[in-house]
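Before we start, here is the structure in question, set down as structure tokens.
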């Protein structure tokens, strides 16, 4: 940590800061500049809050040098983490595609979509059963009934299933059904929930919050990792900016930045990051070109009658076309699509 | 709802949209423009999602005309909602001040701060017992032990207490202790939690999410109101923008905008909206000048040793000075500070 | 400047950075941390770019310690700068009010508004004659004819006049007419223009760019100050954020932050920062409560027929009411409105 | 235009709006909703400002239906605009690469970089001679001397040259030297400058402003197009958001959105949109995968001694590698790199 003193800081204030540094079992290194003094606090500081120093008299600001996250950092774990799922793996050379409806609406709808996305080349099936909705007046999900349909779809297609968990109380029942927990953008900093999935051994697909920084996403993953669950997949899904031409702004920079900072797999959700089916394929290709390890895409057999997010859902036909295009881009960047097991 | 067709939309597409409107029990009104056709969908549309129309062929965009929130809207409830608490009320002519430490750290700390803020003019005591922290490696709150100290502080000072509830499972125990539930910014769209406090009859202080729009804040309050709990206090606490000179950007516009759109009380949290004790008083005065119904402010007896948020905490002395300044501004805009009951 | 090395930086890389620091006539101070090394570069560094060090092998990031602006900094000039204009001054104890139409539309319109705002309590008259418009298809201003009308309005009312200069080529003619140059938000980083007004001795009202940081605003003012013109008035006018309920987001935090960082006067433009006449008075009061030295407000005698910005313009009546309210708030924070000279 | 009335709007207010619509030579179509009335204004409205209606009593908001830009709209010009430059064209099937130093620093530097990027596969040479710098205390460019060096580099390599024009006064001299004018992000709404280049017949590379919306970028291009210059190349170069891990946030969504809305060529500048040479190649590939028509990239022979933007500059070697990677991605999306004329 570097503590930057105000230009007019007194010798007493500087001594006081040094005393505090030593109280925290760190050692102090003073650099006297032309206008200002800077004090380095050296030692095991990742459990020392900057606040402790920011409030001392004469302190202007405090800059943390080392990363506040450890378990997810590539610094201490240079190789990519690769997680096997049914028939494929995430985080290695292969590009994985998760697809399915925003919400599980009925048995018939889910099974039809599941088969269609499998044929088109999806590796895993997504489908929401507990839906977070901005309005309390609309459909909120099928709950456990939806989980049963997902299990049936897995049986039918061989694909592992991904569903969003929205509350600690849902973990116990969902852990019996899902192959991957999804933590949605609104819950990225729901720490009780992060801890709860961190205590399971089910992989977690963690979506970036709508206005979360990349560092905050990594800190959120640290909650899961520090619970003993090493299998976290990070997902960029668009951030909120001033631009209104698209529902969100895809932070494509986040892909190479995350791949640089962490060993965890990184995927992108072009359905939410654009909010418009017309732009999903272009952004899916961009994600793979930028180095993403996979995609998660909303597909609906009848977008015009989807209960939610119809606007951003692809039809099975356009999804199949997207898979073919993504395959070409993946190969252009020396990767390949994760294989579909025959007979699945 | 207004459905705007693409310039090249065909007659068949227009007919198809009209058919969908009528399926939704709305009536269709067509306006043929020079370049584009617009179709109004008239009727009870607040439980009809825009998505239903956005995905139809030939549709360019859909604009909702009426507000998606009802119970909180001033349109249907023109008078201010005024909620009584112990010895004062929120939402009327009086300006209420909530103050206390970010986190309850110990019995001694809390009782000392409680007495100090009471003497300085606070109307209610705030203190966190379950702390959401960005890092899993730091202090997470005293839990129920902290609630006991808050109850003791209420006994001692006569002030009602406010504490943040972070999970549905905490509602049952907290409802026995707190006079006002706080929903933090990170949980503004934790719908299960909103429903849970909506089923109680304890007032709720609902903080705006870090990147939530004003409309989303009002929709979140609708979850609580629609559960049957009418007593929601809205709180602006700063939004995330590109500016880094302060921790957050106080959206002062939100004060008059919210007072215009809703009958619910609106307060401001200058401690979080600035993140720096040096700026808290200036923004507290601005909030009251702009029409806020109150303030919530972090005060610590020893900011340099606060476990969290020391940088933005005022000392009891600077808080007392702030109260005197806010009093003068309140009177300049024809309001007065809520009274402190003698002997409390 | 502090140069933070990557965790894996080699001894050679560290030596290389030290050599570069010494090449730049700075001295190097090395702090070896547990994970990373930090090197302080001490000396006259404000004309050394961070880029020079950021590109060296092994460097992770570079943090500048001292402020990159000098002439505007309160650090080297602790007292407020106070600038006299006709009959009042800006930056001292008095709160100054600049008012007038967005655009000068005709002689009759301008003279009517000028007299109305003078009677209501304005200290200076604003009016645009060269208008920057988003669309090339709409009214672009009266040009020199408008300057003549402004001069006549000054004669009539005694108020100094403020008009926006949009191009270097306009400086020569405008300097003969205006008492204060306005630099609009879109030109805040038009450096040629900043230099051109910096070579005059006419005060400059410099508006913050739509997405400029507070530091960038101060750097822009440095262009004017370093040209030899010391009289710069800074103006917060709202920033662009994700919130769409108002045209811009008033960054009220910028008022106390700027007053802390610089000795220059700081005013606020609530007309642009809200974009809606319904919210102008609330935000005007907030600005003064937060410590602003003045306001600049759009007033139109017939907003429904204003050529531009009608929506955010006040009528003379609502402006007069605003002045009375602002007066009360100014007194509550121990300031007073700048006086109106009798007979002016 | 759709005019949405307040829920409580009176019949007189509605009649008043209708009268105003007819005054503007538009026809009014009234839709009475359950809560609110909406009035459509049909006719030639692109030179009628929304402001005219927004200020009328009883009006809540006004929504424009048709696009405010015409000449750049794909609606009226469905085919891509393709502009020939020396030896290649922009906007067709070929992907064009513009490369060169941020600033022309010396004859030797420029000629060395020009030859290196030509060999690596660049189609055009960029180089700044008038530099907009945030600080007045640093290098501001070589001016006309730099233009001479650019002309020499063109002679030597056969590449057309691109340089930024920062002021109207520079147009006259630059038009003799440059093949493409660049308008920088800070000048995207410098309307006098846009008009000035609109009067030439030299192609213009127009960069998106740091906080400009996609619609504002298109409106800015309309200033150039309406001056009679049809050859505008739009350039996404990153927008300002809250994320600080990269200098700017690449709005990759802007690529397919712009390709959908306009017939003009669209390129991306990954050097500025990331601000870090480590991420330039990933984002360059993403841009082409998303459908961009080209790239503009900063290359420096000695980034550690670059006068500006060294951090984001590639070496000639890493640029050559990038070109090879981009070639593979372009082919994967059925495009090809623009050819390099032999002997050039």
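Every chain is named by a letter (A, B, C and D) in the order it is written, and numbering of its residues begins at 1.
By definition in this document, a contact is a pair of C-beta atoms (placed from the backbone, for glycine too) under 8 Å apart; a residue touches a chain by one contact, two chains touch by 3 or more.
What you are looking at is a predicted structure, and each value in this text was computed from that prediction instead of being measured.
A.B. asks: Have a look at A-D versus B-D and report the one with more C-beta pairs in contact.
C.D. replies: More C-beta contacts join the chains of A-D.
A.B. asks: Among all other chains, pick the one whose mean CA position is farthest from the mean CA position of chain A.
C.D. replies: Most remote chain from chain A, centroid-wise, comes out as C.
A.B. asks: Give, as an integer number of Å, the spacing between the C-alpha centres of chain D and chain B.
C.D. replies: Roughly 40 Å, centre to centre.
A.B. asks: Could you work out how far the Cα centre of chain C sits from that of chain D, in whole Å?
C.D. replies: For chain C versus chain D, the centre distance works out to 27 Å.
A.B. asks: Just curious, how far off is chain D from chain A if you go by their C-alpha centres, in Å?
C.D. replies: 31
A.B. asks: In chain A, which residues are in touch with two or more of the other chains?
C.D. replies: Correct list: 211, 240-242, 244.
A.B. asks: Mind pulling up the chain D residues that touch chain B in the complex?
C.D. replies: Touch list, chain D to chain B: 2, 4, 7-8, 29, 31-36, 38, 40, 42-44, 63, 65-66, 75, 240-242, 244.
A.B. asks: Which residues of chain B touch chain A in their complex?
C.D. replies: Residues 20, 46-47, 49, 51-52, 54-56, 68, 132-138, 140, 166-169, 186-187, 189-192, 195, 210-211, 216, 219, 222-223, 226, 240, 277, 303-311, 313.
A.B. asks: Taking the touch rule as given, give the residues of chain C at its contact with chain B in the complex, in rising order.
C.D. replies: 211, 213-215, 239, 241-246, 249-257, 260, 273-274, 278-279, 282-283, 285-291, 325, 328-329, 331-333
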